[in-house]
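The following pair of complexes shares a single chain, subunit A, combined with subunit B in the former and subunit C in the latter.
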Partner chain A sequence: MTGTSPIGMAVPAPRPGSADRIRAFASRYAILLFLAAVVVAGGLAAPGFLSGSNLTNMLMQFVPLGIVVIGQTFVILVRGLDLSVASVMATAAVAATAFGGVNADAPAVFATAIGIGAAVGLVNGLLVTKRNVSPFLATLATMIVLQGIRFAWTQGAPSGNVPPIFRTIGAGTFNGIPYNVLFLLVVAAAGAAALHLSGFGRRLYITGGNPLTAHLVGIRAARVTLAAYVVSGVLAAIAGLVLAGFVGVVDNFVGRGFELDSIVAAVVGGVALSGGKGTIAGALTGAAILVAISNLVVMLGLPVQAQIILKGIVIIVAASFYVARRR
Partner chain B sequence: MQTRTLRLPRFLAGGRAALLVVVALLILLFVLGASVSDRFATTGNMLNVYEQSAGLALVSLGQTLTILTGGIDLSVGSVISLLSMLTSGLIAGDEAMVIPVVAGVLVLGALIGAANGVTIVATGVHPLIVTLGTGAIVQGVALLYGLGPVGSVPISFDAFAYGTFPGGISIGATVALALFLLVSFFLNNTRTGRRIYAIGDDPHAADLMGLPRRRILVGVYAASGFFAALTAVYLVSRFNVGQPYTGANYTLASITPVVVGGTMLAGGRGGVIGTLLGVYLVSLLNNTLNFLDISSHYQLVVQGLVIILAVSVYVEKQRGLA
Partner chain C sequence: MLSLQGISKGFPGVKALTDVSLDVAAGEIHALVGENGAGKSTLTRVIAGVFQPDAGTVRFDGRETVWKGPGDAKRHGVHVIYQEFVLFPHLSVAENIFVGHERRNRLGLIDHGRTRRDAKELLARFGIDIDPEALVRDLSVADQQMVEIAKALVHDVKLLILDEPTAVISGREVDVLFDRLRRLKQQGVAIVYISHRLEEIFALCDRVSVLKDGNHVATRTIDEVTRDQLIALMVGRNLAELFPVRRSAKAPGPVVVAARNVEVSGRVRGASIELRAGEITGLAGMVGAGRSELALAMFGAIPMRSGSLVVDGREVSGLSPRRAIDLGIGLVTEDRKGQGLAMLLDVAANVSASTLNEFGRGWRFDRAREKRVAEQEIASYRIACRGPSTPVSVMSGGNQQKVLVARWARTSTRLLILDEPTRGVDVGAKTEIYRIMHELADRGVAVLMISSELPEIVGMSERVVVMREGVVTGELSKSEISEEAVVELATRRLAG
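Coming up: the complex of A and B.
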């Protein structure tokens, strides 16, 4: 976005020469250019794609994924991975139905969801930092445990409703702009500020980029890593409430597929699984690409199966691109 | 010389210790089950546990190999689904088609796996991402092929899953057991087998030693695809038909016995015998929970806790994400 890297060090200026400069520009903004290409191509191929109602529709689908991707980015930046996000989303949504379903309960619902997300993030983070469990296994295990608890609690099918205010946040619009988009903007701004402007963000990038350096400069890497998992858990819980409000019904599988989609989006957006590299803006762009492609498949009348196939191709191509660029 | 230097750290890293933990857990479960019901500790029930281990065993065998190299194969579930559909879809009830179709499916499984391996070595992208992508592609193809059960197989096709040797010993589970012993021998006693450990232990050192790392990786992912294909054939034998989501649960399920059996996700340590015991542990656990009359919901909780318990006991060698 700017001439500095996320940890505030100056990026070497591209060598002079217009070809080099164009290449450097294309390389840095490749992901945005790709999104622009998808949008333009989509607009040309499917007339309804860029219509106001379809854009609103895409934005609403984008928001829950966007919130989860922001949390996932925190975790991937410290060389982690959070497979439990979808389970946290569903658990938060199911817990939300346990209250009276009136607006007066909204603060309690919100607090409960955040409590669940923070608790799961804490368990994930402690397993990773204290027991040295690989992030993949730690979050896989909490995902399974959480799923079991949810099934046992609901005995299969949850009943009850979320307070109407969540329905408004999740599905309502204000002059054509969905409320939940405003909500995402707030979360994204807070996340970006935490990552790119605060001392915590700097420590996070150093911890993920080079643990040895982090140790040498006196960063308590375990604490930073733990915080990243808590952020991911809390944001997943919030996304669960937003998605439940958007869909209008809560079942045991709210957010199914979000664990993999959020990882795909982050990787497509340039967040490196090797840690320390990536931005919130990039990750959100990755999420936007996924949503746009899925929507485009429907608008073009292609078989829905093409969505998954394209998703698979996009992630491999994008990841290869980043690996090749970093060499 | 080479084998000696490779073997020592693996032994010290607690490969044997992990096996002891699993054996202890197996005994504990057995005692628990036996104290709950008279019918638990019977030959019939144990043969039942053995029989039900076959599907998970076959897919976990291939998964162990990819994890030993420090990778992972998240495409196995989709591969199982697609190939199960092709098996019953192409046999279509015709006895004469059984052998050519099964042979073709096994070859196709190995080819899909090899394609995973080639993509991994050619792009340098983490296997987790590559196989997540190819898994999505294969799942999409499976759903294009059919949205529900496809085709049928002759009645006799169920022999692989339900057939028994004299004494009621399951054929499928015994085939799986034999394959585990074969692969274990291969890993411990052949040059390529030892090299799989060397690659997983330190890929950089493997390159410096001039090991054919890329070729071995392609071979390992081809093997994982092959065992996924065999699992698909087994599941068609069990359910008489292939379906687009038959394999869905096997992707993550195949990882549990591997890590419970002491193979480290970081690669280079562990082995297939641990995985086999891990498979029996999962099978015995489900059986015991059934005897305890615990709902399947709590079975999930217990399974997750077993993973946490196992991986918290074995100290992981921390390297990278997986």
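Coming up: the complex of A and C.
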């Protein structure tokens, strides 16, 4: 902090003491510390929690949510939210079974899924930017429309198989490391590079922070916002494929609950719903916390309802924390 | 009715009112005039109990009073009509009038019949011809204003303060308002009338008090003062030695940017302005004269309904901020936190914001170069901060403003428009911003400064263009510039 003396020269703030520095550090990495606390507490409370197989299990659950959260982060950064992600996931998964179920179909499956995700993102983005529909309503509407299309397409019950290569990516391991985790790392690195290193990312942060400022510095805010929705749609489609490969069977509700979970994870991870603030790393940490808590509930043998209650409590804690920090 | 004795009020770093003494009699319409920042608003708020004075006493209705808050003042009959109405558009006139004092029946529910009857009776008593059952959103602005006044009349109003009531209405509506105010006056209400429009004051008021820099300069009965004397009272002052002298001032170059017959819906009505290379032009006028809107339209930030922008003799098509920036036009907007700066980002990001392409297209963004550029700007504008990565939100207003000016000074090769560039900044930063303006002009950039501070207009401008109600009312060359001349043009009654 700097103060201002009457003649306008900034007065350097007093050097922070060690207590202040610890507090600043704690505030900055609070979300990571929170995750660490959950992991440590989990390890003490449930013996199997930190076992290799359970960690792998958690990681593999984490991957689809992580991919969706990255897309969700793009959208939330421009003051939006995307409720259509779960519907896109399910539709992409259904598309994966629509071909012959052999590896030769993989490129077609991939292209179809990405096409669906991009198209939904484009519609969401156009509704929000051109028609000024609120993101909530726009993405809710596309979610419902897409669901209907999917039901009509599958006649209620999808059949057919996922090409084996998706099974490998979704559930296989390479020297003990799940393929899908490697896959997430690649997506996360690309997402982080786009947000934090590219000119597009800078435009996104300026637009989300204040669309009026963006307009006045010559940024085409509508285009940037549109792109964010497309990113979210495409990543949701990819997540749908990964999840379908992980689970192995596809129904009409692959990814159910991911729309809210991904928003919660981003918010818990410090992505501000008011826009312009947040990082990929934070959002992924938020997702990890959600996955860890859900898993812990199972490991402790608690009823599944406890999962839901805990999730709610985590949101309350995180939201109050970020409000308090802003002061 | 009201008697103020030696009222002083300060805020951190500013003395808003100094030893102001003033009387307002029952049945009098008393005008309060002064430049922007003269202390009219602060005085109003002291009278209405929003602020406690630091010193001095308020006597109201013969008794010395200390208001506990605006509610207390209201209960005793002091009502203020601010420029922004506090009305519920979807409720009826009657419901709005009794908001907070709902007419209830025995069950404690709202008695709609009585609300209607009481409202009708009240409106009739003051000769206000508005249907109590109409929805407020369907009323004209002038009628909405009357509803706002009627809300005050529900109580036993003794002192009514109107802050720029005619800023939102015009022509016949003004006459209607005046009629109604005169009627209130006859019923013994004391009225304080704040306005920039001197002709209104001569038409309506009995006495006029002038505030200047927080001091009470004079109170005159309206018959013993002329318009010119009033202007002189408002602006007469010793010019502070604040404005650097531009040493290297040469004759201005050719016209680089010109706006022709610009119309912006509701705000600018056919304004033209020419800006010359190397010349600092002041754009003066009262708040709401359409100056900011003209600037925004010239920058492509808001659409022109008609008119054009001419750059180097060629008409610009498809004007947008992006296009304007490419043409070397910059705009330092009035509201630095709400419009200008990306408050969540750091100094470097704010400096580079208007020329992101310069740091790489597509995926690459050259952060190192951005940082170097920011470091240069920090040094050359003496921006006090820890470095390029200091978040602008932790900086002082003056330094934030310098960041904003630095951003635009960097890209403005033809024209830099600055809208109230020194509002809310300290003296040090002010001088620095003036110096930057001189530097740009020396480099041959046309500079257009919008300001509501007369000394700033007079001290900095080499030519002054004055607007009023969306049209340019006149232009003053270097030798003609004086505060009096500017005020004369800014308040001149428009023909028609």
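Everything below uses one rule, namely that the second predicted complex is superposed on the first by the 312 of 327 C-alpha atoms of A that agree within 3 Å, B and C clash if a C-alpha of one lies under 4 Å from a C-alpha of the other, contacts with A are read in each partner's own complex, and residues count from 1 in each chain.
Throughout what follows, contacts are C-beta pairs under 8 Å (C-beta built on N, C-alpha and C of every residue); 3 or more make two chains touch, one makes a residue touch a chain.
On a predicted model such as this, the values are computed, not experimentally measured, just so you know.
Novice: Kindly classify A:194 by the partners it touches after superposition: subunit B alone (first), subunit C alone (second), both, or neither?
Specialist: After superposition on chain A, A:194 lies in contact with subunit C alone.
Novice: Looking at subunit A, does subunit C or subunit B touch more of its residues?
Specialist: After superposition, B is the partner touching more of subunit A.
Novice: After superposition on the shared chain, which partner residues are touched by A:145: those of subunit B (first), subunit C (second), both, or neither?
Specialist: In the superposition, A:145 touches subunit B alone.
Novice: In the overlaid three-chain picture, which partner chain does A:157 touch, first (subunit B) or second (subunit C), both, or neither?
Specialist: neither
Novice: Under the stated touch criterion, which partner chain does A:205 make contact with: subunit B (first), subunit C (second), both, or neither?
Specialist: Second partner only.
Novice: In the superposed arrangement, does A:315 touch subunit B (first), subunit C (second), both or neither?
Specialist: In the superposition, A:315 contacts subunit B only.
Novice: In the superposed arrangement, which partner chain does A:215 touch: subunit B (first), subunit C (second), both, or neither?
Specialist: Second partner only, subunit C.
Novice: Is A:186 contacted by the first partner subunit B, the second partner subunit C, both or neither?
Specialist: After superposition on chain A, A:186 lies in contact with neither partner.
Novice: Which residues form the common part of the subunit A surface touched by subunit B and by subunit C?
Specialist: none
Novice: Which of the residues in subunit A end up touching subunit B in this complex?
Specialist: 79-81, 127, 131-138, 140-149, 151-152, 155, 260, 263-264, 267, 273-275, 303-309, 311-316, 319-320, 323-324, 327
Novice: Please output the residues of subunit C touching subunit A within their complex, sorted ascending.
Specialist: 13, 299, 301, 320-322, 324-325, 331, 333, 338-345, 349, 352-354, 356-357, 359-365, 367, 384-386, 394-399, 407, 425-429
Novice: Report the residues of subunit A in contact with subunit C in the complex, numbered from low to high.
Specialist: 1-4, 6-10, 193-194, 197-203, 205-206, 209-210, 212-213, 215-220, 276-277
Novice: With touch defined as at the start, can you tell me which subunit B residues reach subunit A in the complex?
Specialist: Residue positions touching the partner: 72, 119, 123-126, 128-130, 132-141, 143-144, 252, 255, 259, 265-266, 295-305, 307-308, 311-312, 315-316, 318, 320-322.
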